[in-house]
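Chain IDs A, B, C and D follow the sequence of writing; residue 1 opens each chain.
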Amino acid sequence: MNSLLGLLIAAPLLGAAVLLLGGRFVDRVAPVLGSALAGLSFVLGAILFSNLLGKPASGRAIDSDLFTWMHVGTFKADAAFHLDQLSMTFVLLITGVGTLIHIYSIGYMAHDEKRRKFFGYLNLFLAAMLILVLADNYLLLYVGWEGVGLASYLLIGFWQHKPSAATAAKKAFLVNRVGDIGLAVAVFLMFTTFGTFTFQGILHPSVVSSAGQGKATALGLVLLLAACGKSAQVPLQSWLGDAMEGPTPVSALIHAATMVTAGVYLITRSSAIFNAAPTAQLAVVCVGAVTLLFGAIVGCAKDDIKKALAGSTMSQIGYMILAAGLGPIGYVFAIMHLVTHGFFKAGLFLGAGSIMHAREDEVDMRKYGGLWKKMPWTFATFGLGYLAIIGFPGLSGFFSKDKIIEAAFAKGGTEGWILGGAALLGAAITAYYMSRIMVMTFFGKPRYTTKAEGGTSPEAHESPAVMVAPMVVLAVGSVFAGGFFSLGSRFLHWLEPVTGHSEGHSPVSTGVLTAATIVLMLLGMGLAWFQYGMREVPAAAPRSIWPVRLARRDLGQDDFNHAVFVRGGTRFADGLAEFDAKGVDGAVRGVAGAVGGGSSRLRKLQNGYVRSYAFSMFGGAVLIVAATLFMRAV
Amino acid sequence: MNPVNYVYLAALLFTIGAAGVLIRRNAIVVFMCVELMLNACNLAFVTFARMHGGLDGQIVAFFTMVVAAAEVVVGLAIIVSVFRTRHSASVDDANLMKL
Amino acid sequence: MSFPLLTVTAAVPAAGAVITGALPAARRGAAKATAMGFALATLVLAAVVTGRFRPGGAQYQLTESHSWIPAFGVRYQLGVDGIAVVLVLLTAVLLPVVMLASWHDADLPAEGPKDKRRPAGAFFGLMLAIEAMVIIAFEATDVFLFYIFFEAMLIPMYFLIGGFGQKYEGRRAAVGDSADESSVRRSRAAVKFLLYNLLGGLVMLAAVVALYVNAHSFSVPALQNAHLSTTAERLIFLGFMFAFAVKAPLWPLHTWLPGAMGESTAGTAVLITAVVDKVGTFAMLRFCLQLFPGASAWATPVVLVLAVISILYGAILAVVQKDIKRLIAYASISHFGFIILGIFALNSRGQSGATLYMVNHGISTAALMLIAGFLISRRGSALIADFGGVQKVAPILAGTFLVAGLATLSLPGLAPFTSEFLVLLGAFEHTPAIGVAAVVGIVFAALYVLVLYQRTMTGPVKDGVTALKDLKVREIAVVAPLMALLLFLGVYPQPVLNVVNPSVGHTMSALHKQDPKPTHPVAEAINGGSR
Amino acid sequence: MSATAVAAPAVHSLWTTAAAAPIHAPKIEYAQLSPILVVLGAAVAGILVEAFVPRRARYGTQLAVTLIGLAGAFAAVVGLAATGYATTKADLAAMGSIAVDGPSLFLQGTLILVTAVGVLAIAERGLEPQSREVPHVDAFAPQAAAVPGSEDEKAAARAGWSTTEVFPLTLFALSGMLVFPAAGDLLTLFIGLEILSLPLYLMCALARRRRLLSQESAVKYFLLGAFASAFFLFGTALLYGYAGTLDLGGIAKVVTGDAAPNAALNASAHGDALLLIGGAMIVMGLLFKVGAVPFHAWTPDVYQGAPTPITGFMAAATKVAAFGALLRLLYVALPEMRWDWRPVMWGVAILTMALGAIVAVTQTDVKRMLAYSSIAHAGFLLTGVIAGNKQGVSAVLFYLAAYSFVTLGAFAVVTLVRDAGGEATHLSRWDGLGRRSPLVAVTFALFLLAFAGIPLTSGFSGKFAVFSAAAKGGAVPLVVVGVLCSAVAAFFYVRVIVRMFFAEPRADGPSVAVPSALTGTAIAVGAAATLVLGVFPQWAFDLADKASVFIR
């Protein structure tokens, strides 16, 4: 089994190596090879899963210690992996969804001459993500953490010839780096405090509490910073919208289903630390609540379907972070929502991809409309995903999201009410913007003229089977996953040993909450239908009131970054360059100049007249004599 | 009288000679001023010899005269040749090299 | 006595320098072949040295010692510790690579019509001369011997910088300066380099004199237990440190580096930053820390702050550079900040990390700079603005450039990450604030690397770049080994650490310091880093 | 003239005293004086050659005589040293007027070698553009007395005359130099000073090209030299007046109080004043010779104007002799006065180093630049003198030996770089020399690096020796100043290298004349000495160390 663990990572890594170094020889086999290796790792994951299931609930863990990475004095970092229920869940999600998206990409990228690289990068991403979730210590986790960052950088900027893509990729990497500072500092802090940074070493309540709450809070906060970076949480969320520059499968896999959820994983994994640091937890829930509203609001304003979905992703992850911040009452549901979200959000993105595929990469929803009859499969799968995400009773989202809302209320006190309220409100907005997308895309009259009709746009058509199939699978997942997990709270019992769990007591009864959610959901849907279903959708975004405009501009947060960090930073850097040239180097050149000037002044003494030479000698003699006498006098 | 006065005289002569070197332009005169300084030295030597009641100072004086003579030979040779080239014996004209 | 392995290791390139230089200017091919032959021979010898070195054995091994100038108590005394071994090997590895990369740099007119053909023999001879001097400086266990070569290596370096400029294939892009102007700028840069370092060296000379007067010996082992008065120790330390800080270079003594690297050929630039400057940081470890432990501890706060300033300052300035080579130069300043930070963290993490950093920085900068050199010579300009969309026309070049860049921003999995992590950890252990401040540097590192990559490689293809050719076989042969090393040391740096750690242990004992203990150690059962 | 003559009690009438005291015939140890005597003999022989040997044969004969004389003298020095006069049997010859001890012999040996090399450069006849009727011409005026550009000068030139007098003149100067550092009493010191100066005055005026500059340099050198020696002599007088003796050792005794100075003078209570003023004036006379600030003014003009071979000889040999004399004076006669002269010397040393280094930065003429650099080096040497300990002496001795050969070599190279107007000494004419004739450029660069004190050259060994001695002697600030000045100095040496190697060669650039074996040997010896003393200095240090004890 231990060797399987290594193999699980090795498979996609091998794929990446072969595809990226292989050169043109592997061009033809690239898509198949990449998908096959992804599938292989999924199979391996399944085998490991069954193996875990075979073990007693308490001892469900597999360790494999590959080699010592760095060893200096008492500092020892191993390349070692640890598989438990939590990481298992992620492995299945990553490899499963990953495989599907590989397959989807076979169709989606069929006409791109750089396919080979694309699949290479995708495999690289799988490997990095697996390292991230399987690492048994924070340093190795950091490796995976930056590895997925690299993969996301490469894939966002996959179409490098588009300056926008290149910029977006750079932005994503940089913002993530800011978060990485947090993770790095966390590792330093752990080592200086505990002398180790392995999960087994640190993650015991006793160990953490031994360091005192101050240290725990500090750790919690830096970890939260890291999570914010990777999971696009306020204030480090700005990169996710631009990340949509990447090919849509990438958005589905990396920027919806898996990588962006790494922050949730980190917090859940570090539960022991957060449990010991209420302050940090408070910070976490605040970030989560703010982001879930922020993302939702942005999602409402975007006309670019992918950006709208990105906003929704942000908001859904906000839910997860919120849940994770709630502590033992939330962890399980955070992960559960994470998984179900993985299904339906991936499905939604693939749907969007399928539409763009049909419409030659047109992303403006105002130029869609009435696609349901042109693309029935896409419509169906997308619709199911849609129902799932808005929490339509019985579908995945319903179960996972409700639990989170409950838990939020269960937090108790005003906090509980505020958080719960935010969560409920979020649910309503979700319903609104998702319905908006749905309506603008599939219903109403087509708001474009096909070439046949003398227009520019091509006739929309259903995507090939190789693309439809994954969408169907994901749709199935989005429908049933939630229910399957909740039945007899399987998921709870599965994860409990790792995350721990405690039932919270919500001041509001479950029934009432459910009802409220459903009502709000219906409200949102209704509003959206009223706005976009009933009346004609203008082909160009109307100039609307300032809150909408603000929302379109990501609530001004990008403008702020640009003004402060980009422009301000540039000005500062230029100033520094000036200082370097004029100040530091100037000082040096100043000394040189002084010597030169002194030289040309002194050489004037040598005026060529014997008598003045003689005079200087005479003066010198007098001086020397005087000095000698003076010396004796004193 | 007190021989120390001769020392003062010598010092005076020496100073006059030095001043001449610094002031006068004509190379010959400058050179003569140097000779004056040398003679001042001689006077000093002789005086001190007298005060010490030894002969060394007087002997030095003889040596000095010889040296002075030698200097005259060399000096005049140089000065004359320069004079013939430049038709001027002014030391201030000889300042092609400066700075 | 046994076979003088260390002497031979230094003597072979020296002999090569003489022979290569002596070859008639016409025999260019012969000169190159000879030089390469000697460089490879040196590499073999360095490998033998590494093989013969026993980690954990005596502090200095393969020692040789002969009386040289008793008048000053100077001995010709050689010996290597783990740190020296690693650096000697690095030097020996880099030289052939650099030579291969600069294979044609001495062929055509450096630039402009007025220049005559440069003698290839001189170019490669100088490179070998530098290698010889650097190696002997690493091996010297006599302060005076070290000083002599520390100073003497300036001369060949100076001629290399001033004599051979960046070579441009085909037409020079209109970057607004004629051949004369650039050659003037170049000789200015060379003079600046020389005077800067000469001043540092002379200040060190005063310190060396003072050391002799106070301790009457130059042998490092002997000096380690010589007792200086506090004042003397501090003054001498400052003298040494000044010289090394100029060489390294440490802010604010860095201003010579961008010029020197910007004006010289890519190969020369690599020699400057990856080989010669390492002598400075190496010397801090061996001399400052081991001979003046008290003074080092006394100066640590200031040095650490300066190091952090270097890190951020260099990185920020790198972002706004318009010239690729100058950008890399400022990046190097930032990296040297990291190295010095690790050295003066005064704990084993920092010092092992710093040593590892020297190696990794050598490799990664070499890769980045040499590829940049290929790029520049193709385009005929070093201005970032003249590039764009290269990845479209020259994917291999762009790809390797990206990998080198990612190494430079120390991405995990590539060599520099391990060392940078250790250094930062060491700094954090010494003073958390310093560590955190330094960590911020990684963001700027990402910024300048990605900005460089974006502006040169991505986006629409600029005209003037359209005809750019991808890497030739020779150039791939240059890049491949560096890439391999970057990956290998990124995944498995332990071999290097195993050699370095014991020597760092010696330094620590010389400093009378232990590593800081964790404040709340985990129960013994799970202590020690991993389960 | 030793103090013995004063033995008799002071009586009113000198005459009676003189009559009463028996006068002993002076005892002369010819063997111990042999180096000086051989050189003098050779010089006189040279005069005779001038008088009797036909013009055509003079050049060869003179060269032979000179070299043989020098060889003999050197053999004599070696012989004396070998028989232990440098260490154990050191004593005062010729009734105390010539000290035969370590420093004397070391410096005399150095001087003879330096002169030998210098003579090779002086004897060079292959550089000047040659016409058919006049196959060989040297660097000197065909007839020094002739007016430049006048008919009879042209005639002399056509006749192919050459100034073979330089050889005996050189030898006379050398003999003076041999006496100078060995002088056991002030009179001998003065005589030595004059003997070495007067020939040099003449030799400066002998340049074949640029006669005006040459003569001007001679005038300046002569007038200022005479002025300085007048000061020197007056100082001698005062010191004699203080001590009643001219012996350096005797003076030292009086200073320490072992021997009481004359009662009458103590009565007049000017004693200390005499001592201090006299000492200061003598030191000043010597500082003039070594070219220390503020007595340096003559150096640049004379170095520039004099015929380059002479400049080389003068720059190298005069410094050696003068520093030898300075050492002897300060260490033998006035050691007890250290606390009086040290501060002054500090000031002089600092001024000298600083001014020499700084002013050289903006020089545009190679010879002037070298002149200023020689001033700076005088400053470095002074730090060694000030050290006031044994290491100081040996360091200075070594430095002198090393420096003199570098200087000879450098000036010899300068003679090679020529254009239509003779030597091309303007720096701008040296642009790109490294491309046109690499060998010459590299050699010159070597000498410049040695001046700059780059390791593995003799310059570095010397600098290190001097500085470490000074630091030992407690003059750390001086060392720091020295280091900084070296940095400044490095700048202008490097600048020349830049011009030679990195500047574009000029179309009308100078050509490098191919030297005959003579100059070639001179340069080769200089370069060899530079490298050997840089890489394996130990044997020289041992010599200097053995030879670093003065006899009193």
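Some notes on this structure:
Just so it is clear, a residue touches a chain if its C-beta (ideal position, glycine included) is under 8 Å from a C-beta of that chain, and two chains touch if they have at least 3 such contacts.
Quick caveat, the model's predicted, so the values are computed rather than measured.
Traced through touching neighbours, the fewest hops from chain B to chain D number 1. Compared with chain B, the chain whose C-alpha mean position is the greatest distance off is A.
A summary of chain positions shows that the Cα centroid lying nearest the centre of all protein Cα atoms is that of chain C.
Summed over C-beta pairs in contact, the chain pair with the top total is A-C. Averaged C-alpha coordinates give centres for chain A and chain D that are 81 Å from one another.
Chain A and chain B have Cα centroids lying 97 Å from one another. In terms of their C-alpha centroids, the spacing between chain B and chain C amounts to 66 Å. Centroids built from CA atoms put chain D at 46 Å from chain C. Counting only residues that touch two or more partner chains, chain C has none. Under the contact definition stated at the top, the residues of chain B that touch 2 or more other chains are 18, 21, 30, 91, 94-98. Residues of chain A in contact with at least two other chains: 603, 606, 608, 610, 614.
Applying the touch definition to all chain combinations yields A-B, A-C, A-D, B-D, C-D. Here chain D touches chain C in the complex through residues 435, 449, 452, 454-456, 460-461, 463-465, 467-468, 471-472, 476, 479-480, 483-484, 486-487, 490-491, 494-495, 498, 501-504, 537-538, 541-542, 545, going by the rule given at the top. Contacts from chain D toward chain B in the complex involve residues 1, 5-6, 8, 10-11, 14, 17-18, 144-145, 147-148, 187, 190-191, 194, 198, 201-202, 205, 211-213, 215-220, 222-223, 226-227, 230-231, 233-234, 236-238, 240-241, 244-246, 262, 264-265, 268, 270, 300-301, 304-305.
Here chain C touches chain D in the complex through residues 68-72, 114, 116, 147-149, 151-152, 154-155, 158-159, 162-163, 180, 183, 186-187, 190-191, 194-195, 198-199, 202-203, 205-206, 208-210, 212-213, going by the rule given at the top.
By the touch criterion stated above, chain A contacts chain C in their complex at residues 63, 65, 67-80, 136-137, 139, 142-143, 146-147, 150, 153, 157, 160-163, 165-167, 170, 173-174, 177-178, 180-181, 184-185, 187-189, 191-198, 200-202, 207, 210-212, 215, 570, 572-574, 576-577, 580, 584-585, 587-588.
Residues of chain A touching chain D in their complex: 592, 595-596, 598-600, 602-603, 605-606, 608, 610, 612-614, 616-617, 619-621, 623-625, 627-629, 631-632.
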